[in-house]
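Chain naming follows the written order as A, B, C and D, and within any one chain the residues start at number 1.
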């Protein structure tokens, strides 16, 4: 169903290929970008329009056990935001945790064509893949939660580095994951086993398995880089949301040294101040470190005002947030692997902490010197829905708009930051980097985030408008793998993207090591654990590096 | 002259008629009204397929029919004007309404005035479950306005109510005022069981004695100052016995699993 | 005078195994039309195991066979039955805005036939 | 028994929500039946033993007359497309792959879809939406739980391996001695065959579970409860206080609950009270709760419905997008109110277990039925398909009661198609018919103002 298309006369923003708003023609054939087509193309006149690669979301929560539990939890959120079907597309429900169909179609209507689910328990991988299969248009993958895996922690404790490496590789294969994810490493055991406490320091060792978060982080950074997974370990640091946590964040980055690491939703980890008291901004300290260390990539996890849903493998954090309103709360423990917490939430302009979080996110964007290593995200739906990306883009591109918005929020919070002093406005080229080219590079997706020959023909075409929120809210055309999905703002066909995963090599003998642990402590049979190839449908193996 | 909608055909399957509301019919002639859409199951039909319209809207809609039980969402979201219904109506009557008045000379069923914020609903017969309540999953139900039911209601009346007044002439079912946040519920007849479970604040008043949960505790018997005012207001609609105006009430506070700041007042003679 | 009792339909192992053989089979139909009653109460009401009883309420009526159950295992005033076509006949359809009919606590009048 | 024998290891029993995946099945390939099911409980053994192939049964029937598959699919599709308020119901005894097709059909025809959840733990789903839940996978219970409470359920008869495999005698990381490391409490209105497995039995008067749970919540919060609670509930204040101390002081506590809560007066508030109790206890220790789900893949049905529509059961598409409202879009209500004009029933038998008023209406409308065996529902159906059995003749995915997904292994082939194949064929034909009718979807012509209100 892919066509041969000529996109004629558009202003092209393709930062990976050094193209910054040049008017040129692009050609699509067989789902890819080509220099010159072999057959006669259908020409679409896009003159006066802005052409970019399809957006790439490096960190969001869109599929899997916790996401689905958050969906079940909130009929009131779906009810107010129905997603009608069309002749070509399925119906669904919106809100902060949309149904799978609504998720895919809504990403497409923002011009996003790739998204990575950022936290999946290994035992929930099969579920996640089933949901991703029902998530239309976009290509997708997921990061597998291994940072609180009891078996792996035991290997770290015992200094069995080689077995650790093999076991990580086995787990990535067994789950069809894209990379590994660490969430509050070391925090599960105090939560589940010690009456709901948490690990507080990166060097604090658990009584049960005497391993510190730092040792876990170090082991994963080491192993994942050695294995050459396309994306380094994706790290949700300890102490998320706590005042003074920026020290933990700096220590985490220092632990990585000069090895590749990705820091997730770094805004939530950039707080100064004293523990238990109101936070202050530490965006300068964090931005400085990131600026100076090219091995680090991060996504911001911007907070946007309004309804959100906190969903995280960091269960103690969700319990703490539940304490504020005593509203509905979900805790879900996964055997030997993970915790999980879910709390419906709302960020409000007048609340000091919320306004500060909003400001810190913007500071991080504006203080960043290398747009290639700071990715636009809201940690959907934790900081807000991905549907608020266009507004976030306007906040970055439009200083006057930003000033007006700043006036509407808690001024005490604003006055404790330097946000008012930051004059920077992102250019379209920089937006193309932080939403497309940068995340694609951080993920080592060489066929995405650019429009050079051989790239996947994932393309978004916007009408150029002064109001950047309006512009990024409604692309006129969206092309996915060469198929024209949206034309004149309307869906013209349905399309299901592929699963992106990686297959690092490992020594089969590790299976004999994992199996006895599994047989003792898991509740399903070992041969039924790994996800077999029948679940893959359309997929692409991204090579190790 | 009011707009009269007289039913000419009975629906075979549930019908959703949220266009039957003053907000949509203002300034429309009878022919225009008949062309407005309604849902009959999954098909989109016209009001005129099921109702004949005469007159024109002057602030009042008269809705008459023998088979309105399947007609849902009458007056949903309305903000002004009056709907007068002759007959028994379907679910979601006045859902989310913010103003105006709905009068039903007949019975209503489940979800009368859910999540309404203002206006008035009066039912001369009975209503069903979840009168003046929240929909599932929502933490706040009715926030304002009033619902008066002359007959009986069933379970979960005023579920998660945060404001306004519900008055029931007959009996209520179980879980009256469950998870209530604020506001007032009067039940002139008998309360069902588990009244006020999970309530944080608000008042539930009954003229009969009632079984209460173990998390409600007796505080005193007294004559609340506001009782006379409320009962005089209710006496415009219900027959309020003189002794209720003059009498004392046993006050129970609860729910102790929550804030313990709600009250249940039972007439004590 | 018929006795008013509380009918509690539930699952049982026998019902579970017999339904695999087919819901139209005699075994399943037998199991789902047999009720258990407290042994002391059987004596009080003059019922013997194997007696045919009529259960009746405002929804409908059904004929069942009774067996006695140790007094410690089933309180007086209660009748246990395995779910099935028989219990359906006595079940009210109102769900109180939940989707769930009150399937476990069904008030019935019990009378011995013949 | 023939020589042609195959052994299938790590097979899964889908009879109940335990979804035990450690079956070792011996299959006689000539006879096409399972002759031995090692590790299965009494229910599982019957499940495997009784699923043989009735070769002479017709693959499909219209009005009890044998017809071809194609003819039946055509008639089924037309029946559904011609209806104004068609319902889809059942789905708890089939694979997620089939469930996905069923939701797609219902979306296309703008029908109403509901699963057996609504008459099982639907009230617990409503409770979850009200208060949330603290929960876990079953392996956490095996590894950690030192206090296990069963409330209103009889697993010895309904889920026979629940005790041994997951919760009572199971040995795990912090419970190496199994039952010796646990205190087990059973709460019910009658002393069921589950009582012997428990360390303690608490008998509640029928219909008083809510009052007991509510009192326990109050005691956990250090509120006063009057001793006359015993007269009302049958449980003494002393027993309650002792239980509360035990709950507050355990290391990892679990509350399992059954239909003794969901099917009795109070319904979702009973489940909600229990979920809230578990949540409250997290002030003191780690505490979790879990409904003990019945059918093999009823949990999968909840999951598929939730990810495809946003809601777990009771979903209506008549306005072109999903809406949820238990009591309005749940099957018992729709049938009893005679709101329905056609039904697609998949892998369940409402004609034998629904309230009589609902059964009566089912007999008056055209029903399309898919089942592995003849049932009262298939007997009254307009179009009846005979299907193969999931987990025995059909691979696919099911979700255990704790949302853990498990892949099924096929034991032997059936001449009958599986639910997914039939539903996929119906879906394809339904879509053609809907498009041909020119009913382009999208704008409904009705204002959406009221729609968000339900």
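Operating definition for what follows: a contact is a pair of C-beta atoms (placed from the backbone, for glycine too) under 8 Å apart; a residue touches a chain by one contact, two chains touch by 3 or more.
Nothing here was measured: the structure is a model prediction, and the numbers come from that model.
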Centrality ranking, top chain (CA atoms only): D
Distance between the centres, which are taken as Cα means, of chain D and chain C, whole angstrom: 23
Chain B-chain D separation of Cα centroids, rounded to whole Å: 34
Gap in Å, rounded to a whole number, between the CA centres of chain B and chain A: 46
Inter-chain centre distance, chain A versus chain D - centres from mean C-alpha coordinates, in Å: 33
Residues of chain D touching at least two other chains: 126, 129-130, 265, 317, 319, 324, 326-328, 444, 451, 453-454
Multi-partner residues of chain B (at least 2 other chains): 110-111, 129-130, 135-137, 174
Multi-partner residues of chain A (each touching 2 or more other chains): 73-76, 79, 327-328
Graph class of chain-chain contacts, one of line, ring, star, complete, other: other
Of chain B, residues touching chain D in the complex: 12-14, 16, 18-19, 24, 37-44, 70, 73, 76-77, 91-92, 95-96, 110-111, 114-115, 129-130, 135-137, 174-175, 178-179, 193-194, 197, 213-215, 217, 256-257, 260
Chain B partner contacts - residues on chain C that touch it in the complex: 96-97
Chain A partner contacts - residues on chain B that touch it in the complex: 135-139
Residues on chain C engaged by chain D in the complex (per definition of touch): 6, 8, 10-13, 16-18, 20-24, 59-60, 72-75, 78, 80, 83-85, 87-89, 91-105
Sites on chain D touched by chain A in the complex: 9-10, 12, 21-22, 96, 100, 104, 107, 125, 128-140, 142-144, 165-166, 172-174, 251-252, 279, 282, 284-286, 288, 302-303, 306-312, 317, 319-324, 395, 397, 399-400, 403-407, 435, 440-444, 448, 451-454
